[in-house]
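So, here come the structures, one by one.
In what follows, subunit A forms one complex with subunit B and a second complex with subunit C.
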Partner chain A sequence: MSTHTDVWVLYDTCKAAGISARIAPTPRIADAHASCGTSLLIDCTHRDEILSLANAAGVATNGVIEVENSIDPKRDRYC
Partner chain B sequence: MTDYHPMWKELGMDLETHDLLCDALPAAFGDTYLSQENRPENMAFYDYVVSGIHGIRPAELIEMQKEGRKVFGTFCVYVPDEIVVACDGAVTGLCGGSQFWVPDGEKYVPADTCPLIKASLGAHFGKTCPYFMVSDLYVGETTCDGKKKAYEILGADKETYIMDMPQMKREQDVVKWKDEIAAFAQKVEETTGVALTVERLANAIDVINAKRAAIARVYDARKADPVPISGKDTLLMTQISFFDDPVRCAEMANKLADELEQRIADGVGVFPKGTKRIMITGTPMAIPNWKLHHIVETSGGAVVCEDMCTGTRYFENQVDNSGTTLEDQFMALSKRYMMNNCACFTPNPGRIEDIIRHAKEYNVDGVIDCNLKFCTIYNIEKPSVAKALADEGIPCLSLETDYADNDAQQLRTRVGAFIEMLGLK
Partner chain C sequence: MIYLDNAATTQKKPPEVAEAICHALLSFGDAGRGAYEASLDAGMAIHRVRQQVANLFNAPSPSRVSFSYNVTEALNIVIGGLLGRGDHAVTTAASHNSVLRPLYRKQVQEGTGLSIVPIADDGSLDYDLFDRSFTDNTRMAVVTHASNVTGDGYDVARIAEIAHAHDALLVVDTAQTAGAYPIDMQADGIDILCFTGHKSLYGPQGTGGLCVREGIEIPPFKVGGTGFHSYDHEHPKRMPESLEAGTINAHGIAGLGAGITYVTSCGIDALHDIIEARTNQLEAGLAAIPGVRIRGGHGGVFRCGIVAITIYDIDSATIADELAQEFGICTRAGAHCAPLMHESLGTVDQGVVRFSVSSFTAEDEIQAAIEAVSAIVKGCSYGS
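And then the complex of A and B:
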């Protein structure tokens, strides 16, 4: 997301529309310049709907990145 | 996307090395937190803080400093935040909870030092943590020998004020801690340039008491079955509370508690009713140390209470705010803080009493007593903790670990077997 305000606006917009979303650290494949960024984690099936909502709400995004199977609770890699 | 690199550079951080830490966070947080189902919506605030953990709050602290306010970095729940808040300062937690910082710490202390100390030193000397870099003054305390020596090392590089924690809990020890708080107040006044008054301190006591009450509401909700929030999420809330503005911290914890109380009313939980309820006691878990909670909650258990500094000790017991002189208020602070039962005290029956009380209040099926490697004081108390729990018929698993990943599978085996055994009770 472009700014912290944007992430909150889009998160609240998704919630109001009944679409599940979670604020998350930006995956590194989307942020080569590691910078502690915020992103919104969504189900890819809602991609177009959420982009429309973002547009309507005037939210600037840095793009949508698909990260397939990137979450593995049994990986046991901590930081 | 907000680029914090200029801010970090201004703080004098090692950007190249720090980027490696930033690299590791999204995957670790995803695996540990975002893999959970049916999380409370109000965890969004805490997810947001983590996503900008080294950017958002440090930027706020820098803005405060531009207004002439001061930042106090602390390592322990015995340091009274009220004094700093009363003098218009900010408190930020500094304990290191990541293996990332340990190698840099081992350049300054022996490898057989506890990982929390090594990580804290590593974060400072490696210049890879903005909370260390932004702090105007470190405030240490004499709660263990390792920390005492570490503060000498830190103090040679940055001003470090030490509070001399009593080692016993006699009446004269409470008076001694009151005098230490008075001396600390003088130091805070000198550092901030703000004169401490009864009114200022009373207001600050109210602020911190409100924060404690809000966190207590979240913990109270965990007494329900099904439990409406995971142990991991509660741990995250607590860990972030050490860094956050106390008024906002209370507001966010209250919002979360509102949601949890509604979940209880609706019978909504994050684990099925009857999931084995685990309490964890032992050494504190500084952010981002989520390993044991994650292993428990991905092995069939639910963590419902932490009897530790990053748990009940942080919010239990309010400070009496009826004092009309600073001396009265310092004594009220001393009495409250001396009710914390760290393993640094001798004798230490209070910790055992707390563990038994919490085990009953939170209706736990079993207790995991876990210390970080080389944390001698908690390790030595293990047999007495196990005996007291056995006397109450509460199963106990003793563990020792550190921040590294390489014992995770062994821990999974032991924790999994323990939870399975609880099912056979």
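And then the complex of A and C:
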């Protein structure tokens, strides 16, 4: 994500749309320049829908990458 | 103690504010520095308060709300970031030094033009004169919503129309009105709203911020760690984090959130009614005392909870000290960091004694203050 606020805005947007998501450290493989930034983990099946929601919400993303087995809604205390 | 210096800071806060700060102190990590619970708790709190601020002022979105140390820092961010060589700015004599000094500095360091519209001795602003103060290169008007000396409130919607007709931005200092008077950033045409948290929003000191209309990009005022894009040499340019750097005051912002919750649950109109009733009670009681002269307060389109007085030609510091030492009443004497307003009122030498109420001020406290001033007047040589 471009900023921490973008993460929270998209997190709220996903929640409102009934899509599970979890905030996590940005994987290093995503963009080394994101460094210790935060990212949003979502199920890959929601990819297009979430990008559309992000665009509608004015959220700036730095990119989307696929990682294996990282999404676990049980870990998200805000879900 | 009877606290009547709420225009400086509200001393009595809703208990929820202290509870929120204590909870934050005992649980928060550093926001945006991790995805573990303590960090997320802090990040979530900050984001929720951004939403509260955006809703309170009808700002475009939480992403257009940046936090600062106080309203002075917010005004420095705006004036320092947007005004430059060749630009011109308009303000009024009602402005606090938080507006005047950044503008003066721009004048000296960058040759920025500046017009200061006078205020009449009743506290009123001549809007036609304000209109005529704009030039072809006026970049912004920076105005106070209400005078911190007299409480006179100005018509920001009308000021916005004037500023926009000259293609200038309107920046509003809401130090005295945020939480005490309804403010609708979009309906009023405010381009940038600067606020403080520790007055009528009942948050702790060290909180404040600015709300910025879409399409206005302010360069970072301070730069440093943000928790993202760490390898970039430049500070991120995207709001709200573009105007913040380093660890944010999450503990204070949590308290500010509780203060805003209090204000919105009571209703700003209801709080304003209480403040107005106490202000009217205080003014009526003080005005009836021989030798007391009310300064301003009826020149605006509304009034915030301030009554400014002089007593004969007695130094305002003497009166304020007497009120504090003999009666336990807290007021503020002197110039109130608003030198031009005192020039307008003709009180540069004497200063004024400023009484300022909050929604927590009780009727019997007002009565005690009136009786104290009456006793001081009777005890001085003028009253005998």
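One rule holds in what follows: the second predicted complex is superposed on the first by the 66 of 79 C-alpha atoms of A that agree within 3 Å, B and C clash if a C-alpha of one lies under 4 Å from a C-alpha of the other, contacts with A are read in each partner's own complex, and residues count from 1 in each chain.
Keep in mind that, in the parts below, contacts are C-beta pairs under 8 Å (C-beta built on N, C-alpha and C of every residue); 3 or more make two chains touch, one makes a residue touch a chain.
Keep in mind it's a predicted model, so treat the numbers as computed, not measured.
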item: Partner chain in contact with A:Thr5 - subunit B first, subunit C second, else both or neither; value: second
item: Greater residue coverage of subunit A in the superposed arrangement, subunit B or subunit C; value: B
item: Subunit B versus subunit C as contact partner of A:Gly37, first or second or both or neither; value: both
item: Touching partner for A:Ala56 - first (subunit B), second (subunit C), both, neither; value: neither
item: Partner chain(s) touched by A:Ala24 [first = subunit B, second = subunit C, both, neither]; value: both
item: Subunit A residues contacted in one complex by subunit B, in the other by subunit C; value: 1-4, 7-8, 22-26, 33-38, 77-78
item: Footprint of subunit A on subunit B - complex, ascending; value: 1-5, 18-32, 34-35, 39, 41, 44, 47-48, 50-56, 98-100, 288-291, 294-295, 298, 403, 405, 408-409, 412
item: Residues of subunit A defined as touching subunit C within the complex; value: 1-9, 12, 22-26, 32-38, 58, 60, 77-78
item: Residues of subunit A that touch subunit B when the two form their complex; value: 1-4, 7-8, 11, 15, 22-28, 31, 33-39, 41, 62, 70-79
item: Complex contacts: residues of subunit C adjacent to subunit A; value: 31-35, 37, 40, 43-44, 47, 50, 61-63, 226-232, 236, 238, 240-241
